[in-house]
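Just so it is clear, A, B, C, D and E label the chains in written order, and each chain counts residues from 1 on its own.
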Amino acid sequence: MKMVKVIGSVTTTIKDKSLEGFKLLFVQSVDVDLKEKKEYFVAVDTVGLGEDEIALMVTGSTAKRTDITKGKNVDGSLVAKVERIDLE
Amino acid sequence: MKMVKVIGSVTTTIKDKSLEGFKLLFVQSVDVDLKEKKEYFVAVDTVGLGEDEIALMVTGSTAKRTDITKGKNVDGSLVAKVERIDLE
Amino acid sequence: MKMVKVIGSVTTTIKDKSLEGFKLLFVQSVDVDLKEKKEYFVAVDTVGLGEDEIALMVTGSTAKRTDITKGKNVDGSLVAKVERIDLE
Amino acid sequence: MKMVKVIGSVTTTIKDKSLEGFKLLFVQSVDVDLKEKKEYFVAVDTVGLGEDEIALMVTGSTAKRTDITKGKNVDGSLVAKVERIDLE
Amino acid sequence: MKMVKVIGSVTTTIKDKSLEGFKLLFVQSVDVDLKEKKEYFVAVDTVGLGEDEIALMVTGSTAKRTDITKGKNVDGSLVAKVERIDLE
């Protein structure tokens, strides 16, 4: 999973009908120290995230296996909210 | 999903027969501020996009799951037109 | 799909038996202006390409869905010859 | 497989229910000489790894085929502990 | 497929049981002129390769479709030995 930060949301108009009703978030990859990297994705929010929160994103076929994205044409889903990182 | 900008179209001659009839667009990845990155793809237009429009692209197996690309040998499809990005 | 240029061919000896009989081309990613990038792949030619021609390559599971690569252990196939790029 | 080093662990709160109970490790890609690269992933530990250990990570659909991740919505799993690397 | 060079082997101890018995090679991506790139992978040897040999590697789901990796949790397999590259 990739660790990402929620930096915004995306509104789409004309779209594949399987995407209707999804909350699409704009996310940015973050480093171990939460420093932002120049990698951006648009992903479906499956857990209810707020701005600046850190999340885990799954990509590829895994993204369409959550309860709310099943059978949908998405390739990025946010599946967990990161609460704490413990470095060793 | 990747956010991309439509910058042109591609005409192919000899091709896999499953690709016949598709409108293939040349797209470029864009940053959060819509600045163009040096990443290019050729993707099937499934929603009717015009020049300079911003779209969401799905890749891999997801690309062949839209109504018009079902069972076709494509690995990049444009599935939504981006209307607005709200940064938090 | 990735846009690539045919720059050579590859001869293999010992190989997975599902790869026997394939014409393997050495290809290089190209930019929108056909400038070569430092990304190389070896892909199966499914459409009959010649040297310096520009092609569309599919990767991953899509690569083994063309008529000639069905069920074969390949992850890169050239599926179309690019005739023209129209930039907008 | 990618060779990675365990550098920490990740605690998640709200999450996809298929992720419950997993030990999620924060890992970093390493070079042939075990020098750390600036690539980070969060992966499920399927073999019992400790801090600073070197592991092999599978990604994509392979990640959800181990005995403990079967049918789970994960796209990165640690499947082996690296004991020794012999360079030729 | 990616063209890679065999630079070593990897010994693992604790591991997913589907990985038992495999010869895992440490490989490095090479350029068209066989110059080494800073990209490393660990892959299953399915054809019997020796040190410094050049091979074709398949990744993702394709990696677990060879006769010896069928149903195994691997995402990188070496499927051919490269004998000759002809540049045009």
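What we mean here is this: a residue touches a chain if its C-beta (ideal position, glycine included) is under 8 Å from a C-beta of that chain, and two chains touch if they have at least 3 such contacts.
Computed from a predicted structure; not experimentally measured.
Novice: Stepping chain to touching chain, what's the minimum from chain A to chain E?
Specialist: Minimum number of steps from chain A to chain E: 2.
Novice: To lay chain B over its twin chain C by CA atoms, how big a turn is needed, in degrees to the nearest 5?
Specialist: 70
Novice: What is the distance in Å between the mean C-alpha positions of chain C and chain E?
Specialist: Chain centroid spacing, chain C to chain E, equals 20 Å.
Novice: Between chain C and chain D, what distance separates the C-alpha centroids? Give it in angstrom.
Specialist: Computed from C-alpha means, the inter-chain centre distance equals 32 Å.
Novice: Residues touching two or more other chains, restricted to chain C: which are they?
Specialist: Those would be 60-61.
Novice: If each chain is a node and each touching pair an edge, is that a line, ring, star, complete or other?
Specialist: Its topology is that of a ring.
Novice: Can you trace the ring for me, chain D first, then chain E, and on through the rest?
Specialist: Order around the closed ring, chain D first, chain E second: D, E, C, B, A.
Novice: Report the residues of chain C in contact with chain B in the complex, numbered from low to high.
Specialist: Answer in residue numbers: 1-3, 31-32, 46-48, 56, 58-62, 65-67, 77, 79-88.
Novice: Touching residues of chain A toward chain B in the complex: what are they?
Specialist: 6-19, 24, 26, 28, 38, 40-43, 51-52, 60-61, 63-64, 73-76
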